[in-house]
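So, here come the structures, one by one.
Shared between the two complexes below is chain A, which has chain B as its partner in the first and chain C in the second.
Right after this comes the complex of A and B.
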């Protein structure tokens, strides 16, 4: 027993030496990286947990006594950050609505539901549930207008609506771009490329701020929905190219075969082209979803009270102005959890599909 | 009518006419309605306003600008600011990206872990959150009197970063740096392009040094021309009264934007760099080792050139994206092209014209950046299919 223990330790030492100290350069690199890592881990642990103040019971003064994180600001203001100006008694609706979207996202990650009908049912159903929970007016829930929506639920609403409007639009754009009629494909190509080369912010600005000048009053609608439509257009331009890439991965022979069998255009697209195109485009699509979720934060600039704006408000007023790092860390963490898990899932799918294809 | 529908040629022509015609009609209606709506508010459409003076100032400008100057000049200021921020951001992001990307391709687990943490943390948090965060940090430095002093030449304060500078106009500084970077670009092109492959290596080295020297002299001349009269060439910041005088001031807005773009872009570029190095076939590296190349030669002659060719097309997209990201400057008040245009729309009401200029400007900037990089890409592309492993 003693012998094997000795051997094991020797083995460990040898591996360590081979891995981290094989040459002078490698040793230096290991030592530098280890010091940086240790420093970050220790500093972060000390700041975020050991010296941190968690409870807001003693007010902001408790934080000033310590060098650590002031999580008390989150304790005091988490409702503002998550729910914005939504009426206090109705916060459970806002929370439940976000929960619905999380369930919806998890469900659509399960391959069992990967067919056009299930996905549509899940997303449209999820959206309706979200919308009526937030808006109220049924089942005895008081009406809460879009103007009072804010925080995380507004961010989620912008994201879901963008995707829901943008996806059909992107399929349409992709089909138009690969149309055999030269003028149609050329014009669609110009539209897609122009939208893609503009910053999202300019498009949001044009839709939210400029469009009311161009439209008669009855057609301009609510500012939120105009901005969301702009965001959906931007999403669709990118997603259309992703779907087109997926379509190019479908062998042309399949479409020719379908044509020669006399299958109608609608069925060729619906049953042969799109299912395969979506499968090819899946990793890139998830990536695009991730990017879109991150870009909902741009709505703060055109004046919406989404989670970043409510975060700014949370530390901007009263006596919490010193605690901005904690508020941004909290918001960053919320984004990180959503985005990181989704992108890990995308990477997992990509690996799985790579294995399946070869 | 039905027979016309069954005639495929006619039907296709009709469909196309309807599609294009409908699109043009919608756009035209919007423009006409916009014009009438704006005219009702007393705003005359047209580009005459470009020659009127603005009546408002911008907080950061590379060229001389005051409230009396015309609108076209303020637009130029905005474009220069966007390009200036874009250049700084892209260069810093590339440096960070290459370092982190290389760390992620080493055989050392610790370096790889550190790189992975960096990429995952900064890539998964929206850029705008990072912009607000860094802006909050840089505006909370102590005031000028208590500024953090680095070797008496750099001062960090809530008013911005002060450092030693040249007494030259901002425009000449910008042009000089661009000239120098262009020289570096030509050198890289000469080293990598197919066209110069058969050139005698000694001559090639001489040519590269000559170009480097030339670029250096040209930028010095540009600096010299842009000298502000009656001042010494180098100026140091010094505390006078409540604020610093002399030296250059990097405003808090600019530094917050540059830091965030560099850090966020660096995370993405690191992934591109890693992908590029991973795409180099193992066999090629083994072959290089077995013919007796040293470690450095394997890197500089085999791995790096091949990885660069795999990276460049994706890098192009990333660079275009980062240039577009400069528009977020408006969130913290950096006077980039977008912020200047939106202020101009608020102030002058010339909505349609300015919106057109905004979109046109971004199309031109992005298409030219993409065209330059694609040209480089074509010039250094290898014939055949060596990239496949």
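Right after this comes the complex of A and C.
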């Protein structure tokens, strides 16, 4: 089959004919494949839209009368999925807190704010706003304990805090690992390898359940923060190796040039090594962020009501038990929106950073 | 002795080892202010290592190095102090690829000399003009040719207003047609009275600007003489052999 580089110039029909209908066999194969595809799309469309029940006004009975999707369960239980066990009349706080994190993330993704001061203000301000909105206790907002946090806000909180704590930690570990003092780099290597060789589940268990026995009461803090610290440590161990890989991609001449100009260690790291290392490490870093976002669902095991657990509760009680597919589809959509935005942003960063390299 | 008569660089009985390999053997070298020195020799003779010891990119194991009146030891503060005043131009340019040409030039003056951006940029533009490349200031290194990159690297070093410039085979990685544009800049610098130590195989450059040509082999300084003497009447057998190889075609 002649695959030419001139497809752009051919019309749609010509392209179709050349690619899919160039011989009798090809045409038959194309028709069969297109038919199957069309059938699947139609079936899905029919299930998800045409025959679906969207309103919960008539209760679960309305769903049972049709073959379509029962989105009514989302209509009835969306608050539980998004907010978990958070008190009903305080849901606006949870929603606002989520909004704060989204705004904070979007702002810090804009190149305009990429300087130490703006990023610090955005992150510390955003984080405090999130925390006090969720926790309450000021401005007349009733206190809501971490134990009652749940749903999407909890998932977002776990993810953001893990990354916020884990990223500086990972940079520190990566720098220590390449230290010129052999015992420091060896020790860091052992720490990284030990954390990496444990399953995240074990680490979460250890931090949430075992640690309180080992620490005095005043030092152990809330179970949520211990677990998040464990997950941050896990994230940092992987991310440190990713950053170290990025650092190894920076030629030694870069550091020599900076040294020869009299630039000190701190600035060599900040201005020369890390920016180039981050660029090299970007694809793997986005990967790690995506994995970390999805791994927040493991918090379900140590008794937290993050979005997956809230989803289970949403169809697990009352008369909605048959509608689990719809609930999971809804949660999958939420995951998709987050993770897909993350990878699109990664692609944008890669394009932007490629400006100088031709 | 007046202050200006004090040498820019003094190296006394300096030795450098890589493990058990004796890379530099008992080096003695004195460089006066304003002196232009060309160092040549076969590859692996230790010439790059020698100039890299002067700004402590390589540590020496014994002997003394004094640069601009300051003794070079393992104290990082002393090392940084010396590096501030000793520029270096590398074979592979080593420009910072994530910064524009101008950013490359103002980074160290702003961080190390603590000059305000306006002053650093004004000086940097002055030096970019000197290397005949001011119109490329906003480009990234990756968008320039090898010869242009090396000229930017020279401007970057000059932007720190160093008192000594070290050149480590500055034209070896260039396509032949770009060598002369870099050499022209180096000749101009030499005429301005910059103290220069150049490791290079460009013997024409050595004849034109060097006050002294040093020949090294197997980690030793074999011979050093003014260019007429060095090229006209080489004393050592090894120098003769090297010169016949490098000039013989």
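The rule is short, and it goes like this: the second predicted complex is superposed on the first by the 313 of 358 C-alpha atoms of A that agree within 3 Å, B and C clash if a C-alpha of one lies under 4 Å from a C-alpha of the other, contacts with A are read in each partner's own complex, and residues count from 1 in each chain.
Please note the rule applied: a residue touches a chain if its C-beta (ideal position, glycine included) is under 8 Å from a C-beta of that chain, and two chains touch if they have at least 3 such contacts.
Every value quoted in this text rests on a predicted model; they were computed, and no experiment measured them.
Which of chain B and chain C touches more residues of chain A is settled by the count: it is B. In the superposition on chain A, A:199 makes contact with chain B only, not with chain C.
Look at A:141: by the touch rule set out above, it reaches neither chain B nor chain C. Applying the stated contact rule after C-alpha superposition, one finds that A:36 touches chain B and leaves chain C untouched.
Once the two complexes are laid over each other on the shared chain, residue contacts for A:129 go to neither chain B nor chain C.
No residue of chain A lies at the contact with chain B in one complex and also at the contact with chain C in the other. Those residues of chain A that touch chain C in the complex are listed here as 251, 253-254, 256-265, 267, 271-272, 275-276, 279, 353, 355-358.
Those residues of chain C whose C-beta lies close enough to touch chain A in the complex are 55, 57, 76, 80-81, 83-88, 90, 92, 94-98, 100, 107-108, 111-112, 140-143, 153, 156-157, 160, 166. Within the complex formed with chain A, the chain B residues making contact are 12, 15-16, 19-20, 23, 30-31, 33-34, 37-38, 103, 106-111, 113-114, 117, 120-121, 124-129, 132-133, 136-137, 140, 320, 324-325, 327-328, 330-331, 338, 342, 345, 351-352, 355, 358-359, 362-363, 366-367. On the side of chain A, the complex with chain B involves touching residues 19-20, 26, 29-30, 33-34, 36-37, 40, 176, 181-184, 187, 191, 194, 197-202, 205-206, 209-210, 213-216, 294-295, 297-298, 300-301, 308, 312, 324-325, 328, 331-332, 335-336, 339-340, 343.
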